[in-house]
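A, B, C and D label the chains in the order they appear, each numbered from 1.
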């Protein structure tokens, strides 16, 4: 068997399959073993990426943006800092507070990791390099994300602590609220691609990335996924200044570490999803012949989106919970519904009128964005007038 | 025993045990978590039945949404009814009898139908076509468009109704002290 | 493969557990949970019959989707009623909610 | 169904990978619990009252709106998948489905149910 350097992943798979079959194992068992190996590699890769590399990168970035040095003692550029942290966390006394529901308390961080890793099963890294191309991929992402919400609820309720409970309630309220615009925005790529399979959505972007066809939906998905992952400015789940530290106050040691890793992994997951669903995934010149190149494109796009998330994260103040929820229910959700309607009608009208599909979509989206801005301006003007006419109302009336 | 049968027995057993715990667990919060496990087991059964869309919907709707709603409701109604005292009413044995008789009757009835022992034909179409067909069926004027639109009206009515039932009358003093 | 009767027996068992929960539990929220169990048993039956009897016709799945909508509405309204009763009467025990009983 | 085998393997593997460090910690970390250490971490003084404090009903209301719109999105996904092959009137029925629920949202907004009080 000759090794095909153009497509190393398929070749490695075939090589392993041949080797195992040579040992006289049944073909079904061989497929199962290969899948298990794939799952192990994927989960291990995701955990290493999030636990070691991203935590370091995140601190370095934060330090650069906030004009300080960040970790710089352990190893070159402090790159071994996460490993030192892991050793610290793993040798720390593990405290489960009195009155906690022990089983649920232990299960919660594991479920959090599971939900963050599980999403990667349907993310295509390169052509033919995807865990499994489910035909309900998009909904699968939503479903696995829902388990993350559940894990936070479990963590907060099992801790037997008022603040953990309150933090969990707030977090869940925020996460479920922002799930709505996210899910509705996901309808748009589904509609444009005609499939829910993530691989199919990437393939459908050959004619043009969906960020061109549906910029409003892209922005909606990006913002609401960021809120869903609890990144600043939506980081109410760890508002140290308001509720001690949110749902995970009582967690220590590796249990806390697992929540932390899950959060970081979730952050990079939304970057990867935005890149896949709206920025063309692994698509790029030459990616079809050289899957490695596709992997590089995918990594570059993901890193770019992650960088944008980090920039937003380190330069914005935290939003108040009432503003946060009002922003969701009064702006994002109606806008997402409008985006779906506009896309549905524009895509049917374009062939009927004989116009270019991309032009029609872009025009419709720009019109929608313009209308939104006008509505927002009118709203702000109304509030300003109320405040100026009634100076006494400044304290209460200017809220939203 | 094939692998699929073992998987069915596993998921079925998990679902069954979890649903038993739902109705017997003394703590309501625990019952809610057992309910989530039972719902997850049903989702796994849907995958075995090759209704993958319904399996995902089961997780999104039941575990992601309805379970959260139930947990919130449990939390909101706890001030008086602590998890002490009997969780079942005085005539619980009648309920047990009724459900056992019902189960026995159903099993007897099933045993009398011979055609049910057969195995299914393989699916004619792939999952993608199936999903498209479902999408068409829901908006096709000859098929399910009326239930589809009625579902929308039902959802809207229940949303508005439930919110107005659940909201405290405005200006009531009981809001103070809540978090 | 799995015989259809296995699914039907499992669904019947879950349904009967739900019946017991509805009849025996005191807490109204627990009763609602049992109703959800019963609806799930119905859904298993619908999907199993779809798969075994008429995999070419989509009706089974369409029905199950409708059951999801009804289940969600039922849970939403039911729990709202319970919360409302709790606010007035400070109880969620089903046998103490007897204002309409004569 | 074969496609789901990978998911069925990945999810337990992810659980195990998360459980492994926790198990290692259990083996090597010191364990000297005492009453003070195990007490709940609150404001630095003794915990007052029950953990199950009364929560705002607004949490429930937002969860409720979430449930309804979640179901709506789920209903629309098959419609969106089939979208390319639908006639215009079928697409408009989906749009009508959205509009009915949007009307509900607007009504709630006007009535002030979306405010976080």
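Here is the rule we go by: a contact is a pair of C-beta atoms (placed from the backbone, for glycine too) under 8 Å apart; a residue touches a chain by one contact, two chains touch by 3 or more.
What you see is a predicted model; the values in this text were computed from it and never measured.
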| item | value |
| --- | --- |
| Distance in touch steps, counted as few as possible, from chain B out to chain C | 1 |
| Most centrally placed chain, judged by C-alpha centres | D |
| Pair joined by more contacting C-beta pairs (A-D or C-D) | A-D |
| Chain centre separation (chain A, chain C; CA means) in Å | 33 |
| Distance from chain D to chain A - Cα centre to Cα centre, in angstrom | 14 |
| Averaged-CA centre spacing for the pair chain D and chain C, given as whole angstrom | 21 |
| Mean-CA-position distance for chain B and chain A (Å) | 28 |
| Touching two or more other chains - residue numbers and ranges from chain B | 48, 50, 52-53, 57, 60-61, 64-66, 68-69, 72-73, 75-76, 79, 128, 131, 133-134, 138, 151, 155, 158-159, 162-163, 166, 168, 179 |
| Numbers and ranges of chain C residues touching at least 2 other chains | 65, 68-69, 72-73, 75-76, 79-80, 83 |
| Chain A residues counted as touching two or more neighbouring chains | 134-135, 139-140, 166, 169, 172, 176, 179, 195-196 |
| Chain pairs in mutual contact under the definition given at the outset | A-B, A-D, B-C, B-D, C-D |
| Residue ranges of chain D in contact with chain A within the complex | 3-7, 9-11, 13-15, 17-19, 21-22, 24-26, 28-33, 35, 37-42, 47, 51-53, 55, 59, 62-63, 65-66, 69-70, 73-74, 76-77, 80-85, 88, 91, 94-95, 98-99, 101-102, 105-106, 109, 114-116 |
| Complex contact set, residues of chain D against chain B | 1, 4, 52-57, 59-61, 63-68, 70-72, 74-75, 77-83, 85-86, 89-91, 93-94, 96-97, 100-101, 103-104, 107-108, 113, 117 |
| Touching residues (chain side chain D, partner chain C) in the complex | 57, 60, 64, 67-68, 70-71, 74-75 |
| Touch list for chain C against partner chain B, complex | 1-10, 12-27, 29-30, 32-34, 36-37, 40, 43-44, 47-48, 50-52, 55-56, 58-59, 61-62, 64-66, 68-73, 75-77, 79-84, 86-87, 90-95 |
| Sites on chain B touched by chain A in the complex | 29, 33, 36, 52-53, 56-57, 59-60, 63-65, 67-68, 71-72, 75, 126-128, 131, 179 |
